[in-house]
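What follows is a set of structures to go through.
Each of the next two complexes has chain A plus one more chain, namely chain B in the first and chain C in the second.
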Partner chain A sequence: MIRRLATDLLLAGPAALAVVLFIFLPVAVVFVLAFTDYLVGAPTAEWVGLENFEELFGSRLGRNALINTLIYSAVVIPSSVILGLLVALGLHGITKRMPRVSAVLRTVYFLPVAATLVAMAVAWQMLMHPSLGLLNHWIAALGLTPQQWLTDRGLVLYSLAAIGIWQGVGYNMVLFLAGLSAIQPTLYDAATIDGAEHGWSRFWCVTWPMLGPTTLFVVIVTAANAFRVFETVATMTDGGPAFASDTIVYALYREGFVYFKAGYASAITVVFFAALLLLTALQIALVERKVHYR
Partner chain B sequence: MKRLLLTAGLVLAAGSAAAETEIRVHYAIPTIWAETQEALAEAFMEANPDITITIDGPAEGYAEGVQRLLRESVAGTAPDVAYVGLNRWRILEDRGLTQPLDGFMPEDPAAAGYTPALLSLGQFEDTQHSLGTSASTLVMYVNPDLVEQAGGSMDDFPTTFDGIIELAAAIDALGDTIEGVWIHRHDWRFQSLLGSHGGRPMTADESDITFDDDAGLSAAALYQRFASEGGMSSMSQDDARQAFPAGTLGIMFESSSLLTRFVEGAGDGFDVTVRALPVVADDPSTVYFPTGGSGIVLLTDDAERQQAAWDYIAFVTGPEGQRIIVENTGYAPANSIVLDDEAYLGAYYAANENARVAHSQVAQYAGPWYAYPGAEGVAVTDLIAAALVEVTEGADVEGTISTLADDLRDRLDMQ
Partner chain C sequence: MRPGTILSFGLVSLGAAMVLLPFVWMVSVSLKPHNEIFTPEVTLLPQQPTLANYWQALTETDIPLYLLNGVIVTGGILLLQLLITVPCAYALAHRRFPGRALLFGAVIAALLVPFHVTAIPIFLAFSQVGLLNTYAALILPFIATAFGLFLLRQAFAQIPAQLIDAARVDGMSEMGIAWRVAFPLGLPTVIAFSIFSVTAHWNDLFWPLVATTSPELATPPRGILFFRDEESGDDIGPLMAGATLITAPLIIGFLLAQRRFTQGLAGAGLKR
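This part shows the complex of A and B:
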């Protein structure tokens, strides 16, 4: 008995210790710092209570970052989920007839996920260059007005969202494909007998309900990724021009690592952490109750 | 790197009897500095066999470098000396990490090449916290081909902002993909235009913001005029830095440190030409151009190491070290002897007329890159940039700049 306990401890102990030391402890420190005005490298810090949180939700800049993140997510989440589903349905449909083409297309759609986003951001920056970029050349060739994709304050957030969608579609496609292949063919046979013979009715009566758990998972993952948007902002716009593409995680980085305001950055982290925790809790609660058919 | 290891190894072997002091050096931006740092360390150790220079792995940029120095100082593993951005040593000074250099300075700094203008780059409240190691100011990069197509001439190139805006408009009219003029909407560029008008961003004791005076308003109004009259677009910095060497931008206000990069980028396309920034103030003695680049700070508090570290600092800021830095990086020197004495860089300048223009502007008008004090000091520079974006897009200059000034006073606790 004791020997078994020792073995268990030996197996699980080191990893648990590492998790406590390197994850739980730092998180606890961040929670404490969030209530101080600590500056990186400063010898002391003052306890400021909820002041940091007031600044995040009360100041123009803090609210701007929150709203930008919400707008970005509102564009990216539905678009990349729906597009991912459409692509998956199309590829699933042609798998039997044209397996080669389907495999190639699958790889193509998945490439943005596998590629490093920072490197891809540089490529996008070239495409979106106002005078040298391919995008504006095409637009001019079509007789439309070239745009300042990344430096127009009204447009920049949507340009970044377009890149976010481009990145998300491939990932969502793979998840939906897995979900589709898990649907038993017998269900379609049963639907045919019941009179659902064609496209839409088969989708609505069988495919969509059976994809429920997958869809929920995809939405949650996409949402978490959209809230976390950082790389494209940091490499392409630095949150600018004039904070027009400042998002919550970029603000966190800016305050903590550029302005050295560790206390305020910790407060942003705490809020962000709470939001993600809520999202995960929601997922668990819904998955357990609603979307599984047993 | 291999060469560095080799020299370090040789010095260790040769100097094991004599080498007593090891000085650790931190620097940033290896793409510009890596070879220069090796050359400096090598030359210094040759002249001082009893001191060994160890170079830390470089930081990617100045911002990251300061972060690392702060972390290392918390952990007690900070290097002995560090090269930091000229606008960033105040972050270290603010936390009491820099050791004053006054006790080490020569009796007559000017005779050693440290002119008052150059010393001002590292001074705060009459204490010398840093010495400049490389300098750059805002200059105009011109594409002579576009100027001539637009009916201008390089011999008769405008020396006033009015003339430049007129020329820029003519260049801009050449075609849809041709831009006339561009300047980054950024704290340092704004301070440069302000200095050209004889203005200052703050009072000398840093108790109040002063860029909402006439000089500041005209400087900000230039941004608006560049856009409304000169046709300046809202290109980002990266966009503009690609557009100028590609030959689609006529006049670009940029740091003189980008000269080598632009000349390489333009290749055979056109002859990149540098012109000095126009001076607006009636009294040239009030003019200053905030100086970018790097300065060196002393971090160790151990008396013996301090002396050895000072020997290194004196070497790299002295004429010999400065010659190495100028020849390798293209930055302007931060020691007047190398500029005055032909023996050091005479041949270099004879071959680089553009560098001569840029570097003599530094020698004439170098001034500190004002860093705003306190916890919000870095944060407010982004507010300045945001206000300049608004002004460029047509917002009322006086209203925007005075709101900005009040906002800064509030955040910097100046009221």
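This part shows the complex of A and C:
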């Protein structure tokens, strides 16, 4: 019996310990710190109740980071989900006639998922460079006004969102392609018999409902990734100009690790975590309900 | 060919060209001589391509060091992850022990915790014990992988219990079964997880930015930012060469093993 337990401990112990030490304990600590004014390196900390949360939701800077994250997500989620679906439908449609071409295109779309985002953000920065960049050069050639993609306060968040979409489409495409190939051809035959002969009605009668679970999964994953936006902000704008591209995870980083306000940054962390948990709860609730037709 | 097929092909190709643009631009600028970069006559492709920028990036900058750090950190993380995850996943799948259900529940719950949530306490603890600015600081927080435990537990659960029992009858130790029976049989999942882990940590910026300040310890993404911030806008060619060199290993890996990469990375949606 004791030998058995010793074996179990040897097998499962180290990983269990690591999970507690590096995941559960820190989560508990962050929830406590969020209610204190603790500064990194300070000898003591005061209990401040909800003050940190009031600052996040009440101050202009705090609200700005939250709203920017929501705007960024509101652009990135629908765009990259719909584009991912369209690309998957397009590739699925040509796979039979041009299997090689379809495979090559699929590879191209997936490249941004595997690529190092920070390095690509550096490349994007050069692409969006006001005077040396290709983007403004082409825009000028078309007779339009060149833009300050990353230093215009009204534009910068959308420039970052464009990169978020660029990175997300390929991932969503792969998931949608898997969903599409799982639809049984007999369903389309049945739809034909029932009078749905053209692409559009077949899409609404068969493809779209059958893709329900995939779409839900894609939306949730995309949303979680959008809430988390950090690399492009840290690489290209540092949240600027004038906090125009400040987002929740970047604010967390800045407050916690640049200004060393561990208490306040913990409150930001808690809000960020709560948003992601809410998203997961939503996913579970919807799965329980009616996105499944099988 | 039907017009619909031609139209889809046209639109999907156009989109693919847009996806490729930053890659093409990065490689193109990295091959341009200095005078072709700093000119109002911007061209998509270099007129007189040269490898000078790569030479400069490899010999006059710390890019090789950053790449080496990337190998040390991602390799260290993966090795330690597997070392503790494989036996635990095996125990979760094929042994009954007190607290097993609790542990598996904890693994599922831990899947919901993104790394950013644990960063502040881990930073504070590492700063207390003087671990910041070390390779250990870059590696240790990631050895606990709920995602790996979950994936491998599911894979090992597919192995028939009779096979495990046969190994026991043959006198194999439990640790031996974990490594010499479960590990090889679950290899496809191990590989998918390894690809996920290496990609995630090769590309990570958040934690290296937090845990280290020394350029000697910079991983590739952290390093390229050191390089960019030092060069004050005059070394764009070498900068793009550096960016290309840093992205190249994963892109080459992806092109060589597409199906495995897609599998490994697509699964990442299961965790937060």
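Methods note: the second predicted complex is superposed on the first by the 279 of 294 C-alpha atoms of A that agree within 3 Å, B and C clash if a C-alpha of one lies under 4 Å from a C-alpha of the other, contacts with A are read in each partner's own complex, and residues count from 1 in each chain.
We take it that a residue touches a chain if its C-beta (ideal position, glycine included) is under 8 Å from a C-beta of that chain, and two chains touch if they have at least 3 such contacts.
Predicted, not measured: the structure shown is a model, and the values here were computed from it.
Peer 1: Consider chain A as the common anchor and indicate whether chain B and chain C clash or fit when overlaid.
Peer 2: clash
Peer 1: Look at A:F53 in the shared chain and tell me whether it touches chain B only, chain C only, both, or neither; answer first, second, both or neither.
Peer 2: Touch status of A:F53: no partner.
Peer 1: Check whether A:V40 is in contact with chain B, with chain C, with both or with neither, and answer first, second, both or neither.
Peer 2: Both partners.
Peer 1: Tell me the contact category for A:R153 with respect to chain B and chain C: first, second, both or neither.
Peer 2: first
Peer 1: Of chain B and chain C, which one touches more residues of chain A?
Peer 2: C
Peer 1: Does chain B (first) or chain C (second) touch A:W124, or do both, or does neither?
Peer 2: It touches chain C, and chain B stays clear.
Peer 1: According to the stated criteria, A:F22 is in contact with first (chain B), second (chain C), both, or neither; which is it?
Peer 2: second
Peer 1: Could you say whether A:F257 touches chain B, chain C, both of them, or neither, answering first, second, both or neither?
Peer 2: A:F257 sits against chain B and chain C alike.
Peer 1: If you stack the two complexes on chain A, which partner ends up touching A:F176: first (chain B), second (chain C), both, or neither?
Peer 2: It touches nothing on chain B or chain C.
Peer 1: Is A:L132 touching the first partner chain B, the second partner chain C, both, or neither of them?
Peer 2: both
Peer 1: Applying the touch criterion given at the start, work out whether A:Y72 contacts chain B, chain C, both or neither, answering first, second, both or neither.
Peer 2: Neither partner.
Peer 1: Take the contacts of chain A with chain B and those with chain C, and give the residues found in both.
Peer 2: Residues common to the chain A contacts of chain C and of chain B are 40-41, 131-132, 257, listed in rising order.
Peer 1: In the complex, go through chain C and note every residue touching chain A.
Peer 2: Those residues of chain C that touch chain A are 1, 4-5, 8-9, 11-13, 15-16, 18-23, 25-26, 29, 37-38, 40, 42, 44, 83-85, 87-92, 95, 97-98, 100, 103, 106-107, 110, 112-114, 116-125, 127, 140-144, 146, 149, 174-175, 178, 199, 202-203, 205-206, 209-210, 220-221, 224-225, 228, 236, 239-240, 242-244, 246-247, 250-251, 253-255, 258, 261-262, 265-266, 269, 272.
Peer 1: Tell me, which parts of chain B touch chain A in their complex?
Peer 2: So the residues of chain B touching chain A come out as 63, 67, 70-71, 73-74, 91, 95-97, 176-177, 179, 185, 233-236, 238-239, 242-243, 246, 248, 375-376, 378-379, 382, 385-387, 389-390, 393.
Peer 1: Which of the residues in chain A come into contact with chain B in the complex?
Peer 2: 37, 39-43, 125, 129-132, 140, 146, 148, 150-153, 237, 240-243, 254-255, 257-261
Peer 1: Per the contact definition, I'd like the list of chain A residues that touch chain C in the complex.
Peer 2: 4-5, 7-8, 10-16, 18-27, 29-30, 33, 40-41, 83, 86-87, 89-91, 93-94, 97-98, 101, 105, 107-120, 122-124, 126-127, 131-134, 137, 166, 169-171, 174-175, 178, 199, 217, 220-221, 224, 228, 230-231, 234-235, 249, 252-253, 256-257, 262, 265-266, 269, 272-273, 276-277, 280
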